[in-house]
Each structure stands twice: as structure tokens, then as C-alpha cells.
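Two complexes follow with chain A in common, the first pairing it with chain B and the second with chain C.
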Partner chain A sequence: MGVLPAFRLHRPTTLAQALELVNDDRMPYAGGTELLLAMKEGLLRPTHLVDLKGIGSLRDVRESGSGVSIGALVTHTQAADHPIVVDRLAGLAAVLNRVGNPRVRATGTLAGNLCFAEPRSDVAAALIALGGEVEIASAEGRRAMAVEDFVIGPYTTALEQGELVTGILVPVQPDLRFAYLKHQTTERPTLGVAAAANSHCSLVVGAVGFAPQVFRSPSPSDLDPSAIADRVEVVPDLTGSEEYKRHLVEVYVRRAVAALGGRR
Partner chain B sequence: MRYPTRLDAVPKVTGKARYAVDFAAHGMLFSALVRSERGHAILGGVDAEAALSVKGVVAVITGEDLAPLFPRYGHIVADHPILAIGKVRYLGEPVALVVAEDRYSAHDGAEAVEVLYQDLPTVMNPDQALADGAPLLHTTDYGVGDRSFSEAHSEPRSDNVCHRVDLHWGDVEQAMSRADHVVETSTSYPMLYGYAMEPYNALAHFEDGYLKVITTAQHPFMVRDDLARVFSLPLSHVRVTSPYVGGGYGTKSYTKVEPLAAVGAWYTGRPVKVEFDATGSILTTRADSARVTIRSGFSSDGRLLARDVDLILDTGAYADNGPLVLSKASNRSFGPYRNPNVRVRGRAVYTNTVPSSSYRGFGAPQVSLASELNMDQAAEVLRIDPGELRRRNLIPPGERHYPGKRPMDADLAADLDLLLEGLGWGKPTPERHGIGFGVTASDAGAFPVSTATVKILPDGSALLSTGSSEMGQGSRTALSLIASRELGIPLERVAISQSDTHATPYERTSGASRTTTLVGLAIQRACLQLLARLEEVAVELKGGPPTEVKAAEGTVVGPWGDLSYGEVVQEWFGGQLGELSATGVVRRAGDLAELPPFWEIGASGVKVRVDPDTGQVFPLRMVTVADVGHAIHPEMLKGQDVGAATQGLGAALFEELVYDGPQLVNPNLVEYRVPRAKDMPGEIVSIVAERGDGVGPYGAKGGGEGTLNPMGAATAAAVARAVGRWPDRLPLTPERVWRLMRESGR
Partner chain C sequence: MIGLDTVEIAPRINGRETVLEVPVRMTLAEMLRDRLGLYGVKVSCEMQVCGVCTVLVDGQPVSSCTFLAADTDGRRVLTVEGLAEGDRLHPIQQAFVDRFALQCGFCTPGFIMMTKHLLERSPLPDREEIVEHFDGNLCRCTGYAPIIEAVQDAAGRLGRRGS
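Here is the complex of A and B:
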């Protein structure tokens, strides 16, 4: 345990080169904070790794139309500290400042976090509530997809063979109220609740099940914390039984609604 | 007063300090372990053929290969095979050592080894292990390793009891029958891993007929003894060296991975390195979980009349230090109270789990959870303030609470008052807030044997030599300060060499909070002898009545004038050369005839807030009181006390190794949660009480473990006062506290 198995490393410097290299057995990576651990534990054994860190074009944070585009190589720390993110997406910056631990934030990327689809991801829940999209490239061209559709299960995404995530697009909505509340007593959150509201409301329950679960309503006050707690999928583990976790969901949904100015 | 920066601070924070794991040897081989995948099974065979064909693999060593050796270790009961022989007794037990040119080949080789198992039924906890007809882990007569531990089992076994303690005085039943109130408390203390930053590792090689081992061991001399027995070598031919130990807390007491490295070196004829990660370390040693029931009889005015304790430790697959932990846990289970009637029945039980051994506090945290909570619950029943109830019963200074042991060398009531004042006890607390505290006394110091050498070199500088280990506790600095003070020379001119069984004098252990007191005493005695020797040599050189020649403050003064220490050495040897030395010896004699050498006091407490919705516990204020007689370096002492109390808080709130069947669910630092900076209370108060009442230098006595011991009970009591219901187990995870709140309806 604790030893990386043998693999061949590729270091493309352009997106085109990278797209030629990746396939099911050639795994792309950026920060490697999730992948290398899984490899050390023997859970994943890719024979090739494609290191994306040499592709300068994926490092940008920039304004893009009515949103902010965060390149696939941008780390949690870089994004959280970036003036555009701080100015336009303060809620997201706050979430990123509390992801994992300082080493994970300094090394891990938002895009990598989404691609690994660890069920207890803070980033996925927050981005879904914020209406984020994943920007995807392949030899055939480019496409975009809502983060909500991209993360489809534990460690499973909608990314097709030969595709790479090049960035994340987060819409900027000046009138949006946003809250992310999490219950965390170990290294990963037990529960994360992201909620965003303007003319309508999105609430995402993360970490407690196999994938983020989305609830929509006209306004925060229309959300029923107890009904949501009954409906969510819950996976018991060392941090709590199913009964306790459902209770936590109710508590945190209620708190999130209150944080958005809802009445419950 | 400003105290000097600890001597190892700069190398450690700049990453320059060398730990065992940093050492390499020419031609060194690396290793990986094949670990048992079963909890209890007959070993049907180990097929190494595929592994041996992996490029770089040099050897695959199994228990059968060790037949020419004494293939087991264990300083009390030698029941622990270096590599499994015939059967495996826990999942994760070393089955084969794969040795290779690099660590990757070793790892690949280990994965290629095929092991055949024939499963046996497992016993995963003491209930299963003690049940009628339970499968036995051990049936062999191993003999007793440590002859001084004559109570230990050595005959063939008919049950899974590794060790038994029966302790009693007075007449408990009779006292209970005339008690106005009998209060019973049962608790479970979790199975813990004593996380040290440097995992287990060792480098061994044979050279010039000597076995040389560099390891991360607290007690290199005891490791030497185990290794000498394995290879039938004279003790003189085994050299064990411990450089800086990267955290110990008792988990690096006694032998761990050194025999693995040594048999690798023996088998291959080359230096072999064994290095574990955190998971490997968790699978090597843990701390005993405990189930304790304590029944106390009180008079209506709150006098303790009797205590009756039943104590079961889950000691895991091998004895290791389990028997001693049980013995200490028993001694510490009835509290530092005046108590004429005591009965303790203790059992340490073998189970198919990771073997347990010492961990900071050494049995005291496990039993104090029950015994101090019992005092709190009794206070509630008796309608007496829990501080006052303790005050009425605490053993006064100079009085004996344990027949045959040293009288109390501390003022416990004064410590309690400092603690309660620091916690703000008695002031109103907001809703969902609670304060808890506890007082303990441990028979610490271990068996008082220590030797230390001090030399004066021709330039007047001093070199200390001690077999005690620097494991972060600051012994390097504390011991140097003692020598500096005794010899009257600046700290900058005192050097220290530690923990090398060939080069430093004998030290029994670096544990039981004994180093400052006992090694300090050995150094103090060496310094006094050395000063006398300097005077003697000066008289020989210059004449004068011995009574008028005095060595102090770096100078020997006589009727003929002054000579520096260095000048005395130089003149005697006739040039810039030579050295004068003296060895100080500490034995069980004189002031130290009575055991324990000192009582280590634990007085600590915590104020918490509980989230009414989630049950999450937030520590707000932590207070520790160090009753150490004299603080050689108060800031380092406070660091030890706060660290120990924080480890106690870890067990109280977060830490627990969890088994699911034979499988440990969380053998890693992601799911086994130790406290982090953010978990610390916002307010920390560390109080030092100096009353000069210890046997050590300047009235010092040991510290560094005590403040951990009451923390479990203190936290449980604080939570109980916040939520209105007494917890009976740790850690107090949010869910457990939420359930307590539901039960109490508060």
C-alpha cells in the first residue's frame, strides 16, 4: 500500500495533443489529488497518465459573456483568490476556501474535482446550485453541459471517450442569493447543502448520497425541509446512520432556506 | 524569566532533523509486507514463486524460514511471531516479507505472493472471546519474557484471557452494605490509534558480527534485548540507535518492526529497510479499548466508603504490553481518593484484532472515564457540588491511598481549586453549554533505573550521554538545562548524545513520564560526582586542603586561585587533551525505594457548547494544571500538557477504530480523525503548580501524560451538563450526542 504502480506519463503542451492521447486507458489528470490516492490504494490502475499541466490555455480565469470561465487547470486556491471570482462569484470563492485542506486546495482543480465525481464533493453541489456548466472538448469539436447533467453518479460522469473538460462556466447573476452550508467532522463533508435563489430557487443536497440531489422551487420558502429529508437518497457511513443523516438534511435545508431569507 | 528555545526546534521546523526514516546504508534493500487477509486462519502455505520472478525481488521470507532463530518477540509474553507461523490471528498480520532492490519491486513482489488460508472462527471483541466454547487464539506455552513480570501467563491456555489482575483491600461488600448511596457507572472507551507523524520504520544490517539497527523506538535498550534473543546474540553484539523519534506517545515503546528488518538483513546478508505508512502502522499497534463498570458506596455526607471495579481490556491478537497496561489500568481505576475498601477485577482479553500496547496515559484514560464520571454522577445523587465531593475525598499530601505504594506527593485539592477557577466553575453557563473536569493520579515513572554520563572536555564544555530518546517531548533541552545548571556553564557549551545502546549508558525506557525526573536525577548525580572529581584533581595538581577547594559556575576555586574546568582537564592530562567523566546511577534505593517514583497528577477540564440541532460538540475552553513539583522549562511543559489534553479530546470527540467483522473499516488518517488546529478550543489555559514535592531535580516530578487522563470523563461530563443525559461511551460524535438529546428530551 502507498506505492504508485508503474505507468507511462505523457506531457502534452497543447489541447490538440492531449485530445489525441486520451482514451479509457490513458487517464488525464491535473492536480492528481484524487487519482493518485486511488492509484496508491490499488483502486485504479491506468497504464498511461496524461498530465494536462503543460497546457497553458487551460489556466485562465476570464469573463465570458454573462459568466466567468474557470480553466480546467485552475486550482481551488487560485480560483478562490482570483479577483474576478472574488468580485463576481463571492459565494463560490467562499466554498472553495473550505474545500478539503490547504494541500488539496493548492493542488486540486475544480475541473478535476468534477471529473472524479467523488460523492462528497463540495464543488459539485455548489456549481449545480449556481447553474454552472462544464466546457468539453474532443477531436470532433466542443460542447457544454450543465454540471447537474455531467455528474451522474459516484465516480461517474457523462464525459465520453476521447473528451476532455477544458473549463467550467459559471453564470454571474447579480441578484442571486447563495448559501453553502456543510456538516463536516471528518476529512470529507457528511452533508453539504447549496442553495441559490433569485426569481426561482435551486437547492442541492450533496455528500449525503451517491450524487448531488437537486430540488427546485419558486422561492426558498416553498422548500419543505422535512419532505426533502424524507426523499433524499442517504448512504450511512461512519459519520452517521441513515436516520441521523436524514435529520441533518432537514436541519441544514432549514438553515439554508433561512440563509436565503426564506421563512421556514 | 525567558527560557531558552528548545535545542531541536530549528532543525525540526526547517526539516533538517534526521529521523530513522531518513537513514540509508550502502547496498540497502527495501521491503514490503504480505499481510494476512483473514482475521483468524490456519496458514495453508505461502507460494512465493511468482513474487521471486518479479524483477528486483531478492527474497521472500516467511515464518518457516525463521526456524533457525527464536522467531517471536514480546517483553512480557513472547507470543508475537515476527512473521506468522502456522496461523494468522488478525487481518493485517505480517505473513511474508518481500525484500527487493527498490520499494516498487518489493511492492509488486508482495502483490504476487499467494497465501493459502483455512479459515477459523474469529472472536472480534471481548464478549465473543470470553464466551463459552470460544475459539482460542493461543494454546501454546510461550514462557515469560520479562522475569520481573512474574504474574504473566506462561502455562497452556484454556481461555482467551491474556492477563488477569485481582486487587483488593478492606471489605468492599460489607462497606457497600452500610453505604447510604451506591452509585454505578459503566463506560466504553474506544479503540484508538496513537497517531505519531513518523510511521514505524527500521534499518538493520549485520556488520563485524554485530546486528546494527536504526529505528524509531522509544526504548532502544528493550528492543536490543528482544533482538538479542531472536538471534542468540550477546546483548553486547546488538546495537540499536534511535535518532530523533518522530512522535511516540507510547506507541513506539517496545519492539515493533525492528525484528522484520533484522530477519531481512539476516536472510539476505544485506542492509534491509522496513518502512510503513500510516495504515501499516495502524495495523501494527493500537491502544486498548475498555469496558469498565465501577460501583461506589458513599455516606450521605459524601465520604467514599468503597469502590468496586470490573475492567475488561480488548488487547488484540498478541500480548505486547497488554498485561502491563491492564496492571496500570487497575492501579488507576479507583481514583486518587481516600478509600478504605477497594476491589478491582481486571482482564485483558485476546481478540482477532490489531494487537494493542501502550499509549499515552497507559490505561488511565480508559478507567478514568468511568471512575471520574462516577464521581460526577454520585455528586448528582448526593446533591453535593462535584468539585466539593472530590475535595472531601481527595487523598491529602503525605497520605497513602494505595497500600504499599508511595504516599501522595502532591496537593490534589489545591490542583483542583486551580482547575475549577480556570474553568469558571460555579458561574452560570448559557443554555447548551457545559463544563466538565476530572482529577487523576497515575503510578508513573516505571521502574526507577537510569544511568547517565557527563564529561568535561579540555575546553571546559560538557557532553552528556543518555540512553533516553528525544521524541518531541523536549528531553534534549530539559536534560541539558539540568547539566548547565548543575555545572554552572552556559547551555551553549552543553551537548547531548542520546539513545544508542553501544554509545550511551543504559536507560530502561523513555516512557511513563519519567525522563525529566529520573534521567534528570542521573544527570544531576553525574554532575555532582564530576564536580567532586574536578575538585579532587585540582587538589592533586595544586594542593590545598580539600575542604577549601570548590568547583562551581565553571571554575574550580582554591587557596591558590581559580582554574577553569578546562584548565583542570588540560593540566592533569598535560596538554589540550583528555576528559573527565562521571556516571550517575539511579536505582530503586533511597528516595526511590518506594514505588511509584512519583504520582503523576492529571487535572484538566473543558467547557463545551453543543449544537442543539446536530449534536456537534464545540470545545470552547480547555484548562490544564501541571502539578510537577518544579518546571525545568515551563513553556515546554505547557506544550506537553496542552498536547496531552488535546489527544484526550481527540478520543472524547473524534477518534475510534471501527471493525466490521474481521476488517478494520478506517485504518487511515482520512477516516480515523485526530484533532486538528481548527478543533482546538478558542481559549486554552495551562497552569503550572510548583510545590517542590517531587523526587527529581529541584523537586521535579513527571508530567506530559497526566492532563490526557481526565479529558474523556471531563468532556463526557461537560456534554452531560449541556444536554441533560450522561453519556456512557466515547467518542461523543454528533450522532451520539443528538441521540442523548433525544433521550433527555432537552
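Here is the complex of A and C:
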């Protein structure tokens, strides 16, 4: 059995305590579905883990202004089952119910999913299309940032030293049409296409490149699947060649456009 | 702020209150197997992909290979050893036997614990729901068909038992 490298565990019970503790070597820890794997593989070797699970204020799902705020400790399963999410963000709930497998969903948090910035994250692609924001706290105060700006590359976010993600804010737009289509043959998707439209349209191509790629247009019908398939950055790997993945992108973008009522 | 190296935890394991001191780096699978001799918990991929190490924590399925034992303090942990009542197999276990839903048996505890979770959430799942629930469980012997039949069979047995 692979053994986790040695570390020391901190258990703050308030956000202020946690903010005093975290730095590059003291990593925030919640579900651990990505972090503990990376530690077992030797890819990450923090000497301290700061367990955020004792901070009750990060567990809430609540309506916040015109959106829904999902606390940093909320797991994929908890969010997908939460009445507010089911009622106001049914499209997101459907995405969450298909992330990874039931064990990953029951343990892993949405915030952790974004912070790990795995290029094939379903959640990142969906939240970008939905216009989601990341709520961030530091000793200096609080700020919010679009998920699109937060996820800047593979396993890389715009989070700065001393900052913690406290939650995710997803706007609720009753007239929004949303679709998420993915192609998946292993534990992570080969391609995920998220699309949302009301008075304007956002389409996000996830999983095939180093980070989710966003395309905007006035309406779904203005999106050109073939042009998008030519333009996206594609990383070939064991799940497919560049040519194959570009083909998939074209097919799935066309399907997403159709799902939103576009004509192509 | 030097942090903890070991923690004392008090999980309820298969219905029994247990107090242990564990290193913080110890996984739940290591604790269950090496400290408590619960060898029904298997370990294979160690990447949350294969499902053989599945146990339930407060009713939720977790991959015990990458779950800290420290995080089970005050929580209910259920392994395959906690299902049977004496010599009487749990209806899910009996359904797996009757439907030949195993051959080598290595993946079976994981499938059984995942089935327990599924049937608690959805007492009469259709085929599609069962297949999707097992997205993260691999079996290299059966071809899955007998496992799906066993889950449907178990759903019937538990339904009759409950009514």
C-alpha cells in the first residue's frame, strides 16, 4: 500500500485562524480527493495540512443577492442535493451529479475542485459558462473573482499567498438556457462542453486543452462549431489524438448549440 | 503552530465505539486493515478509480485508500464486515452469491458497499442508475451483468423485508 508522506495537521475552527496558518507549505485541506492523491504520488509534498473542515461558516449553501453562494466545504453531493441548488441551479446540479464517481462527489468539495484546477474539471467549465465567481478571503479582506479569471492554467489558479477560497457564487438567471455535454471513457472527461444563453451566449470547451476555453456570441446560432474546433487548443493524450479531439469538439459544440435551441 | 502528528479519534466502526490514536498521515484503509484487521477492505489503484476500498462514512461512500483516518472522529464507519448478522448474510451479500455476481471476489466488498449506499438513496434503481452508480468500480471477472442483476435482486429483497 502506498504511504502518505509525513505531514502535520492543523485544525483551525475559524476563518481568521486558518488565514494565519496557510502559506505555500501549509496547504488548505478539505475533501482531499485530489490533494491526498497528489501527495501519495509524490507530486505534492506539503509539510503541513490546514484542515478547514472545522470552520462551520464555510458549510452553508444560501441565496445571496441574485445568486446562490456555495461554501468552500460543500461537497459535490451536498450541493447537488441541496434544495436551493436543485430549485435555482438545476443545470449545475445535473453536472455535479456526474462528476467523477459517487465517492469523489461525496468527499470532494466544489471549491477544492476549482482550486486544484485540473484541466479536465467539469465544474470549472460549467461554472465559467454560468458566470460563477470565486469568493476569496485574506488577512487584508475579501474579494471576488470570476471563475474564468481564477483558473489560469493546468493546476494553476490566480489565488495568492495567504488567500483562501471561502465559497463560490453562482448567479441565478431564470431565463438562462444551459447545457453541459461531455465525452468520457475513463475517470475524467476527454471533452466537456458547457453552454449558457439568454440575451448573450457563452460556450466553454473544457478538458481538451490546458484550461477551459471560452467563446462568446450574441446567440447560440452565431457560434460556428467548425471554426471553434479549428481554434481550440488541444492536447493529445491516451484518450485521443489532436485530430480526434478536434472532431469531438465540433460534434459536441454542434450538439450544445442545438440543446440551447440554436439552428446549426 | 507546530501542528498535530497524531490524533486520538473515536469513530463508531461497524456499530462498535472505538478509540484509537492514529498518525495523521494514516489512511482509513490502513487503519481498518492494519489496526483493526478488517481485511474486507481491499486496496488496489489508490487513486479513487477502482472502488475496491469503498467503505461508508456516515452513510456516504468514500475511497478509504485516500481518506484520512483522522477524519473519522465521531463518525460512523461501515465496512463489509458490518453487514451480516451472525451467520446470516445481509440481503445484498446473499443476492451477490445467488446471482454469481463475483468470481475472484476482490472487487466484491466495494461493490457491496456501493450497493448499500445506492439502495439507501434509491430503493428501486433502474439499470441506467445502477450502471452510473458503478462508474468508479471495476470488476475484471464478471462483465458486470450479474452484478447489475444482483443489485436489482437485492432491491427486491430489501423492499419485501421493509414492507
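Please note the rule applied: the second predicted complex is superposed on the first by the 263 of 264 C-alpha atoms of A that agree within 3 Å, B and C clash if a C-alpha of one lies under 4 Å from a C-alpha of the other, contacts with A are read in each partner's own complex, and residues count from 1 in each chain.
Here is the rule we go by: a residue touches a chain if its C-beta (ideal position, glycine included) is under 8 Å from a C-beta of that chain, and two chains touch if they have at least 3 such contacts.
Predicted model, so just to flag it, every value in this text is computed and none were measured.
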{"item": "Clash or fit (per the criteria above) of chain B with chain C on chain A", "value": "clash"}
{"item": "Contacts of A:His200 with chain B and chain C, given as first, second, both or neither", "value": "neither"}
{"item": "More chain A residues in contact - chain B or chain C", "value": "C"}
{"item": "Partner chain in contact with A:Arg142 - chain B first, chain C second, else both or neither", "value": "neither"}
{"item": "A:Gly240 touches, of chain B and chain C: first, second, both or neither?", "value": "first"}
{"item": "First, second, both or neither for A:His48, with chain B first and chain C second", "value": "second"}
{"item": "Touched partner set for A:Leu36, first chain B, second chain C, both or neither", "value": "second"}
{"item": "Touching partner for A:Val251 - first (chain B), second (chain C), both, neither", "value": "first"}
{"item": "Partner chain(s) touched by A:Pro102 [first = chain B, second = chain C, both, neither]", "value": "second"}
{"item": "First (chain B), second (chain C), both or neither touched by A:Arg8", "value": "second"}
{"item": "Colliding stretch - chain B into chain C, listed as 581-589, 635-643 or 689-697", "value": "635-643"}
{"item": "Set of chain A residues, in rising order, touched by both chain B and chain C", "value": "1-6, 187"}
{"item": "Chain A residues within the chain C interface of the complex", "value": "1-11, 20-21, 32-33, 36-37, 40, 48-49, 51, 53, 77, 98, 100-104, 106-107, 187"}
{"item": "Residues of chain A defined as touching chain B within the complex", "value": "1-6, 183, 185-188, 238-241, 244, 247-248, 251"}
{"item": "Residue ranges of chain B touching chain A (in the complex, touch as defined)", "value": "32, 103-104, 107-108, 277, 279-280, 613-614, 616, 654, 658, 665-666, 669-671, 673, 733-735, 738-739"}
{"item": "In the complex with chain A, residue positions of chain C that touch it", "value": "1-5, 7, 24-27, 29-30, 43, 46-49, 51, 54, 60-63, 65-68, 70-71, 114, 117, 132-133, 135-137"}
